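Just below sit the structures, each encoded as structure tokens.
Two complexes come next, and they have one chain in common, chain A, joined by chain B in the first and chain C in the second.
And then the complex of A and B:
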């Protein structure tokens, strides 16, 4: 187990570096000059040249990316071209709000979707099942830039229960996490229903029932445990997507996370910050995948044995 | 069960530790929202509008600008030209930095020495000070600016914020805690989503003791925050379509004042079609600006005659605005050798391409222009792109036509910067590659003149040449507008969009 974990952890960095290399090269292909953002309209060509030289922007792109790697290996993600603050500092102050929002959304999605999905599986074909499936369809098809303002209008403006936006106190996370979790909840609900139905029709469940085991025990000890594998895969994959896909929700709710940082940095052609954010996102994805794999070990002894053999 | 409970508590404590609550009392705090975070707190490196607005609160400067954008004295109590190359400035006494150190001529000298130094990291403003040779301290409160050549526009450059001598000579400041300013406010808190400014003199009779600036990226969210009484002011950053609904909300008020920013349609002189003055003039005649103002800006703009607003003291009142005249436009196009084509004359005379940003209002304007051009037989293709690519294309001369806004115009030297041959990018903003020897001479002569009346006459002539030459179609000057909460009293809008009116606001007792 220890060797496997170490091997996976060691893989994290080369994988992230590949992602950063490609993103680093590609961002330079976007037309537009960061010097325009730094120097403004009134600077002279001499000053623009000096800025380009100071920031290493006069070097060929592959060389710039290589210098960036050198810094990353030494633990230095560079400095923002625009406000000159350390990229690591910028990422650190934004990472907590993003993780906080993603985790709250995932917890919310699990709390809502898993019990409801199980319920829909048990009462398959009933009115409750139809209502739940219809709601999940709405959740899947409602874009966050529409759902967000609708929720704000009702809960904040009409009822005055919650703040419109910002990150000030516990109440401010409720609406953004509902919006962020809406599509995840919908797909998780459907996935839970399908997995539970699959297990409920399996031979071992019939055997358990014929042995006289109670429905609650069958459900918690057998069905849930076996269905958990596909649910875990879904949560694992979605968590990565949640962390990186918060841009619109962060914008609507004015949530100061990594999504808005990367969007602003692309707009400003702030290469080091974009690269730093991509590096962080890729680490997130890879770590989430690793944690998901580790969860498989806990859930299914067959996988555990197969991996270690 | 216990472990689950403890995990939940840990999760809440850990994650929500970062959430912040306001540290200022509501009845003394003015709350506003900006779309973007200021890029610099160091006045020597300020280039974006938000940083300039912030600078007005935390820094002071030798001169300032009034509500109509005209120069006024600020820290300077007196200013006079000793000769055409020497400006004497006398400072107001008893003005202190936030570290309680009185501002002296040495401090001012250190600030301007930074802009003219030749080595090390230079300021983006340094190029503006190319005529400044040296700054000499005469007394504790008096100094002389020695110029290498006469420059009547030099005084407008003295509006940059001042730092104490030690900081002014040092490296760029990016830590808000290290900023020492001489403005009425100081930075109390600089967080990821907001800034809190605190009045340096809390015993002052002014009612606004704190200014809370929230960064709200989304236009709808800004409006909803206003509706929910979470903000006192949003200025120029709410969609005009929503302004019509303001009267439905009793706690909100709409303010409006003339603006000095100029929207224009630029022409590329190197283009074989647009090189012909008759074509440019025909295009100018084909645009019904009043109709566009009425429908897209809901009447909240005035047609522009030149780059300067009509209330600018250098504005030439004898300029004749270009009329909307489709027949004249068609006559000019025929005369320029671009007759209508096709059997039933329905084919366009030629096709032009307009580059614009993804900004919704600019795109609407572009589509309105396309419709206007169609009437005179010009086909218009619209290409919208993000700001970085747009700016790069326009600067490099890769745009046949483009629409843009001139903001922050600080004096008539803009005619040299925008239209003289020496200002073709990268040396200035003559993006259309205009080359008019008579205009070049005139703007240089006007710049060197320090007598106001003589300068005014020279710039009046320059404006006449620009009007005949039509390097731009000057479209309109958009009004400044703001949505304010009912509790706010005495807020005044400035023509250049600055927010200094906040300093004199009072709050009404009722909520």
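And then the complex of A and C:
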């Protein structure tokens, strides 16, 4: 068990190395001279030289990557080209709202999809099942930039119950988290149904039934426990989709998180900030994958024991 | 789905306006007999933009999926069949690339490249091929051991004919399901990227660009947000429905 944990943790090092490397060299994928893109067409030679020096672009490429590494270790991700603030500071400001939104949406999605998925599995082939499956298809196809405006128009403009955008108070998180969790719940619903069906058809359930266990007990004690395993993995895997979903949902609602930061910086061609955001998002993703693996490991005694020796 | 393809093909017949024709005096008009869905910020007819935007969305997703399916399919096929160091290297590479959030990779490429159709297709395709390769490889691994393949090999069939005559046809149903899944995700990513302002800046706005324009004037002219959003929704829904029926069909009754 200890060795598996250690291996999994050690795996994090080469991966974060690649993340840093990628964010570091990213800027060199710009065709031509990156300074041309950053400075614009009407810049003087002096401005160009200043930008080049500020970003360390006057150094050879391997050295630049090395400097970027050194910076990351010291918590320095460079400075914004627009307002010259430290990138790490800008990112730290925005992390909390994004995490807040992501977590609320995950919880919301689980609350909606797991009971409904179980329902659809138990009444497989009935009307309820087909209605649920159809609505999950609708949820999967619903882009956040359609659902968002619709909800805003109805709840904020028509009814005036909830704020249109921004982040002020508890009520402002309601609409963005509904939008963000909609496609997540839709796919979780389908996956929950499949894994419940798998368990319901298993031999041990027949055994439990034949020994006279009540349906409710079978469900809570056997089916749910076993299905929880695959559901956890799915939630973990879906987290990646959620992270990317935040970018668009945040933009729809002007939510002041990392997503709006990266979108704004791309628009302004503020590359150091874009680099920093890519770095943060990727690190985030790596960490959630790690946590998912660890949960999986903790939940499944077979894995725990198999890796023991 | 068919409706959208037809509408995109016959766009010039369905509208009397020139795409991208700017008329500032006519901006943000409500729907009228002349402008079916009203006009946008620059006075461009929204219905016309929708029709021509469909061409862009469909074209981008067609080419992207063509690339990802060909590349992913071939690599997966070869990796599954040949095994050995080729498979090892490819699978490790995919593991590493999959450890990144795909959209972030796409986003960063789209951000540093000059916006054009080519760079859009390139940056989406870059992350799209891996899943196909993985799935195809797994399927080939199990197909390889089937008796009819073993029999064909024992009869001395050359590798090429084994791959293309015997294994590839057996892969088709799976490949088709994978294609519909990729189409749906490409449409989603493409509209997302143009919504964020990373799409090609042509004369005709894409659906995503219309949406991001609509976001700024949602109170004055909600149709500008809803019409393109609804088009994307319908397109995605039909792709998903096709995928679902394919899925049920391939599993048999």
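Assume the second predicted complex is superposed on the first by the 271 of 309 C-alpha atoms of A that agree within 3 Å, B and C clash if a C-alpha of one lies under 4 Å from a C-alpha of the other, contacts with A are read in each partner's own complex, and residues count from 1 in each chain.
Everything that follows uses one rule, which is that a contact is a pair of C-beta atoms (placed from the backbone, for glycine too) under 8 Å apart; a residue touches a chain by one contact, two chains touch by 3 or more.
Being a predicted model, the structure only gives us computed values, none of them experimental.
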Touching partner for A:111 - first (chain B), second (chain C), both, neither: neither
Touch count on chain A, higher of chain B and chain C: B
Contacts of A:202 with chain B and chain C, given as first, second, both or neither: neither
Contacts of A:262 with chain B and chain C, given as first, second, both or neither: second
First, second, both or neither for A:152, with chain B first and chain C second: both
First (chain B), second (chain C), both or neither touched by A:251: both
Touched partner set for A:18, first chain B, second chain C, both or neither: second
Touched partner set for A:143, first chain B, second chain C, both or neither: second
A:278 touches, of chain B and chain C: first, second, both or neither? second
Common ground on chain A, meaning residues reached by chain C in one complex and by chain B in the other: 30-31, 149, 152-153, 157, 251-252, 267
List of chain A residues in touch with chain B within their complex: 30-33, 36-45, 47-48, 50, 54, 82-85, 93-94, 96-97, 99-100, 103-104, 149, 152-153, 156-157, 160, 163-170, 172-173, 251-256, 260, 264, 267-269
Chain A-facing residues of chain B, complex: 11-12, 15-16, 18-22, 36-37, 39-40, 47, 121-122, 124-128, 130, 172, 174, 192-194, 214-218, 220-221, 224-225, 227-228, 230, 386-389, 391-393, 395, 417, 426-427, 429
List of chain A residues in touch with chain C within their complex: 15, 18-19, 22, 26-27, 29-31, 137-138, 140-143, 145-146, 149-150, 152-153, 157, 240, 243-244, 247-248, 251-252, 262-263, 266-267, 271, 274, 278, 281-282, 285-286, 289
Chain C residues within the chain A interface of the complex: 96, 99-104, 107-109, 111-114, 184, 188, 191-192, 195-198, 208, 211-212, 214-215, 218-219, 222, 225-226, 229-230, 232-234, 236-237, 239-241, 244
